[in-house]
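Each in structure tokens, the structures are laid out below.
Same chain, two partners: subunit A is paired with subunit B first, then with subunit C.
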Partner chain A sequence: MILYLLTLTILLLIAPLLLGLIKALKMRILFKRPASIWQGYRDTAKLLHKETVLSDEASAITRIGPFLVLAPLLVALLFLPPAAEHAYYINVVDAFTLTGLLSLSTFFLMLIGLDSGSSFGGIGASREAFIAALVEPAMVLTIFSVSMMAGDLGVAKAGLNLAHHFPTHHMASFLFAGISFFILLLAENGRIPVDNPETHLELTMVHEAMILDLSGIYLAIIETAASIKFVIFASLFVSLFLPFGLQFSPVLALAIFVGKLLLVAVVVALVEVNTAKLRLFKVPNLLGVAIVFAFLSLITYYVLGA
Partner chain B sequence: MIMTHFFQLDMLSWLFVGLILLGTIPNVIYSRGYLAHIERKGHYRLHYIAFVLSMLGVVVAGNALSFLLFWELMSLTSWQLILTEALDDPEQVTPAARFYFFMTHFGFVFLLLFFLIVSHGDFEMSFTQMHGVAGAFPYATLLFFFLLLGFLSKAGAVPLHVWLPYAHPAAPSPVSALMSGVMLKVAIYGMFRFLFDVLYPWPLEWGILILVLGALSALVGVLYALSEHDIKALLANHSIENIGIILIGFGMGMIFDTLKLPTLSSFAFIAALFHTFNHMSFKSLLFMGAGSVLHETHTKNIEAYGGLIKQMPVTALTFLLASISISALPPTNGFLSEWMIFQSMLGSSHIDNMSLKLAIPFAIFALALTGGLAIACFVKAFGITFLGLHRSANAHHAREVNGWMRTGMVLMAGVVVGLMLLAPWFIARFDAALVRLGHPGIYAEIFPDTVFNLHSVAVHGGVVSPQILLAVLLGVTGFLYYGYRALKVKERLHRTWACGYRTGARTQYSATGFAGPIRRFFDWLYRPEEHLHSAPHPEGEHLRAPRHYSVHVRPLFETALYTRTARLANGISYWIYRLAHFEQTRYAAMIFNLMLTVLFSYRIFAHTFSWATFILESVVMLISIKILIIGEKR
Partner chain C sequence: MTDFLIGLFLATLITALFTTRLYRLLLWYSLNSLTLGILAIELGSRLDDRGMILSGTITLIVKAVGIPFFLKRLSQHLGLVRQITPNIRIQYAIILIPAILVFTFYLAEPISHMVEGNANYVAVSISSLFLALLLMMEHRNIAPKIIGFLSMENALFLLGTTATGGMPMLVELGIFFDLLMAIVVINLLLRNEEVTS
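Let's turn to the complex of A and B:
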């Protein structure tokens, strides 16, 4: 139980760091003077001191929405696979529920985008709806395929089972699922081939457009939600697709876990530097690749024997 | 004469009686408030009551006679209810009602044929006796198709769904709620009743067909809903989607039953029944919400709404609850039943038949994509209607609806919440109904430890707990919200910051714009007709004149199946008309040919079939048609 709470705390605390790391690394590679990796914490601290400015048009949705964006993600955080063996975990969430919780958060984010009556919010919400609709099938298929290899539909138990019995007989399906999930990680978190988190240019923005009218604590909450979403995906990725190092002593296992999270951040940064952002109508092609890999993963798993 | 088996009340009937009552009671209260809006009050009241009673009659009917009687009564009263407002808007309402009348009787013919065959013409036979007759009938698949055509034309599954987006917007809103929420479910009752009681051992293909129809309906429904601007037509298209989801569960149940996996089969059927109830609750609520908005703004066009949450908070919040539920977002009831259907599809790993096993992931894909698109659609429906600035003067003058209507909506919201929190209780009832239909009871396997953990019955199945999820979500949200309140942050209002521009009602995102990316992606299906009108400005070509952009999506199924069939029928009748009036020798020859056809087909059906005679007879037919009717080319 202590280990469980500790993992939760680490995930919560490390969330802004991961995004900060990605940003700093990208700037370093592009020969810019990098921003501090602690910038995320500073921004949050700054926002917490500010007053909240609301739009004249804002309704109850903007006032309550940010909490409803953050809450499902925090709940999802509770049900993630454990970072070390013998750690406490709650195995009551399967792929569909997890996807549902993430969608619930996105649902309210899109409503916030539409609430202020600005056309930018509409742009963001419309694009987010488009991307999220296509992400959903790939996400469900991928996690189910992995859960089948792990022999349990509960996500937490699946992570643990994979650590015990690495699916060496199903390497092909496992790899396909891994590729698919990584694409989803990029798409759902608005990373570069899908959305550029750094611009405020109307042609490219998705996530930023929806939150243009938030300020102060509300903005801090949404930014936290974005970083927590990334941490959820990263931790799912490392628990399901890099299930190593759980058997060591708790402290070492946790250290390895954090190391793997940082690794994911580094890989994302490298991908971001090396790819261009896709045009919105090219994004379905990328997600189509994810869907196809998810299918391939399920099908090879079935054909090559369960 | 003693009417034997006129009524029967078993667990399944009770279940649907419960569904009808749950759907009707809030509706009656809502109707009470809506009545001021309706001119022909007597007409409305009379048909409303008859409609509800006839639906109750259908689900407690015990033989073919009473079933068909109440079924027809239900169709006729609902047809009259659609016509309630025909005097106000004859161009839209009358054709819609006529279309509905035609479709519902199209289905009725097949039901009649079905009953004529399975009862040997004795309409007072009970359903269990029919089972024997149907078992002796050699062409069971024919009966199955009669049932499908009969019930699915009422339920609104692809390709018999085309009447829904016309009939539901034309009806007064409480009637749309009742028709979409309850009447479609009566057709699902028919599927349960006659597939279980009369046609029981099912070949594998039947289940697969229903699964495919379900997946198609789900996708087609949600895609057309996305391109819709009429809020009630949007909801009607979502009914098609949800009927599709119910049919996916139903089809999985049939497939598992044929493959001798009774536990999984029960689970899938329970999921289908649960979704039937859930769809009743949230769809009724959505139609009531749409009705309230319509009542206040006097327009069905979603582009004319906007910002209604400020004037109509009760309508907006109940609509939001229903939107979350229909989008299958946790922890609502809509999520639970879709979760169960997903879990039953994952039980497909137990299937040995490899090709079937490989096909099921496509159904999973269809259902997941439907879920994703439904979210997009309800963000659009809720966001454009209730958020932002008022898009028209109508929206500006809207006020919260009267107390009766509010009470109706709140009660229906209570039904939604009740289905979510009391899921175990409802599942126990569904389980009992399936036990009565001869399936194993699996309540103990779904809730092995406590009523809070809903388990899937597949091996290594998942677990979900609506109550715990809801409690945790509310707890975390409440904690955050009151944490924020406790900080006493200063709040200031300022106009919307749109990168320096002023926002206005006209510059907001419209519903058309919102669905734009999706419409463009599914261009091959929609084939939208886009119109851009820009008249030149009278005072010089450099000045901007107002422009008008409109996009219209023509339903593919309607043009492909219905319009073209109608055109074909017209063509043939014109040809025959010409023959009959101007070329009487050929007309006589055609009658001769028809008689030949009847005789030959009788021979084929009544006697043993042989390819040799069949080919011989076809050749005779073709030759006589060629020589006698078509004749030489001039």
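Let's turn to the complex of A and C:
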């Protein structure tokens, strides 16, 4: 139980660090003077002291919305696969529940975007709906396929089973699921091929457009929610697709887990530097690739057994 | 390990189907050949078949490095169109590709008892043959058609190595010479196209 709480605390604390690391690494590769990797914490601390201004058009949704964006993600965080062998875990969440929780958070984010009454919020929300509609089927298929390979529909138990019996006979479908999930990780967190988190250019922004009218504590909550969403995806990726190092002593296992999370952040930063942002109407192509791989993963597992 | 490499082979081929840029397509072809070469070397060292190791090495040198490099230089020299948009729309491709895979599984089922090794590898090889055909079909430009042709040859090589546990060395060398001939013909074809257009 202590280990479970410790993992949760680590995940919550490391969340802004991962995004900060991505940003700093990208700037260093582009020969800019890098921002500090602790910038996420500083921003949150600064926003907590700022005055909160609301749009005149805003209704009660904007006041309760940020909490409703954060809450499903915090719930999802409770059901993630364990980071060490004998850690406590809750095995009730399957592919559909997990996707549903993440979509619920996205839904309230879109409502906040629409509620501000500005046109930017509207375009942001419509684009987010467009992307989310394509992400969901692929995500359900991918997690479902991995759970089938692991032999348990619950995500937490699946992660543990994969660590015990790595599916060496199903490497092909495992690989397809991994590729698909990595694309989803990029798409759902608004990283570069889909959305650029650093610009406020009206042609490209998706996530930023929805939160343009928020300020103060509400903005702090939404930013925290974004970083927690990334940490959920990264943690799912490392537990399901890089399932090793769990059998060591708890401290070492946690250290390996954190190291793998940092590795995911580094890989995301490298992908971001090396790809150009896609045009919005090209995004379905990328997500189409994700859906195809998710499909193929399930088909190769069931039909070919490879 | 074999499963993983075959998965990687299929993955690179499928990604090539969605590519819209010529140089990126060459990169995917090169990675495709790379996995094929590693697969042949791995299988060869497991079966202790020196011929297969040799043909895997030749694959690595010729197909993973040589041909993509040559084609890239050729396309730079001739100023070929680098933007290649597939004719088949993405929505249909998403449905078509899994359908091909399932179809080939049932296609390969009657001959599965004739194969010594894993029968599924035959199904995967035949499906990559069809996917390479799809790559040839979905483009109007000549350069992606060439890549489709070469990928088809890769799929045949995969079929040969996984289904039979290694073809005779003579046959594989013959295939390599055919490939070289094909590249020469392609070269002439491209230059001819440049003259006429």
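As a working rule, the second predicted complex is superposed on the first by the 304 of 306 C-alpha atoms of A that agree within 3 Å, B and C clash if a C-alpha of one lies under 4 Å from a C-alpha of the other, contacts with A are read in each partner's own complex, and residues count from 1 in each chain.
Definition applied: contacts are C-beta pairs under 8 Å (C-beta built on N, C-alpha and C of every residue); 3 or more make two chains touch, one makes a residue touch a chain.
Keep in mind it's a predicted model, so treat the numbers as computed, not measured.
K.L.:
Which of the two partners, first being subunit B and second being subunit C, lies in contact with A:122: first, second, both, or neither?
P.N.:
In the superposition, A:122 contacts subunit B only.
K.L.:
Once the structures are superposed on A, label A:74 by its partner contacts, choosing first (subunit B), second (subunit C), both or neither.
P.N.:
In the superposition, A:74 touches subunit B alone.
K.L.:
In the superposed arrangement, does A:217 touch subunit B (first), subunit C (second), both or neither?
P.N.:
The answer is first: A:217 touches subunit B but not subunit C.
K.L.:
With the two structures laid over each other on chain A, which partner does A:195 touch: subunit B (first), subunit C (second), both, or neither?
P.N.:
In the superposed model, A:195 contacts neither subunit B nor subunit C.
K.L.:
Please indicate which partner A:103 is in contact with in the superposed arrangement: first for subunit B, second for subunit C, both, or neither.
P.N.:
first
K.L.:
Return first, second, both or neither, reflecting whether A:281 touches subunit B, subunit C, both chains, or no partner chain.
P.N.:
A:281: touches subunit B, not subunit C.
K.L.:
Could you say whether A:292 touches subunit B, subunit C, both of them, or neither, answering first, second, both or neither?
P.N.:
The answer is second: A:292 touches subunit C but not subunit B.
K.L.:
With the two structures laid over each other on chain A, which partner does A:303 touch: subunit B (first), subunit C (second), both, or neither?
P.N.:
It touches subunit B and subunit C both.
K.L.:
Can you list the residues of subunit A that touch subunit B in one structure and subunit C in the other?
P.N.:
284, 291, 295, 299, 303, 306
K.L.:
Could you please specify the touching residues of subunit A with respect to subunit B in the complex?
P.N.:
Touching subunit B: residues 51-61, 64, 67-68, 70-72, 74-75, 78, 91-97, 100-101, 103-104, 106-107, 110-111, 113-123, 125-127, 129-130, 132-137, 139-141, 144, 147-148, 151-154, 202, 212-213, 216-217, 221, 280-281, 284, 291, 295, 298-299, 302-303, 306 of subunit A.
K.L.:
Can you tell me which positions in subunit B touch subunit A when the two form their complex?
P.N.:
306-307, 309-310, 313, 324, 327-330, 335, 338-339, 342-343, 346, 349, 354, 357-358, 361, 364-365, 368-369, 371-373, 375-376, 379-380, 382-384, 386-389, 453, 456, 458, 460-465, 468-469, 472-473, 476-477, 480-481, 484, 487, 489-499, 503, 505, 507-509, 513-518, 520-521
K.L.:
Taking the complex as given, what residues does subunit C use to touch subunit A?
P.N.:
Against subunit A, the touching part of subunit C is residues 1, 3-4, 6-8, 10-11, 14-15, 18, 20, 90-91, 93-94, 97-98, 101-102, 105, 118, 120-121, 123-124.
K.L.:
Which residues of subunit A touch subunit C in the complex?
P.N.:
168-176, 179, 284-285, 288-289, 291-293, 295-296, 299-300, 303-306
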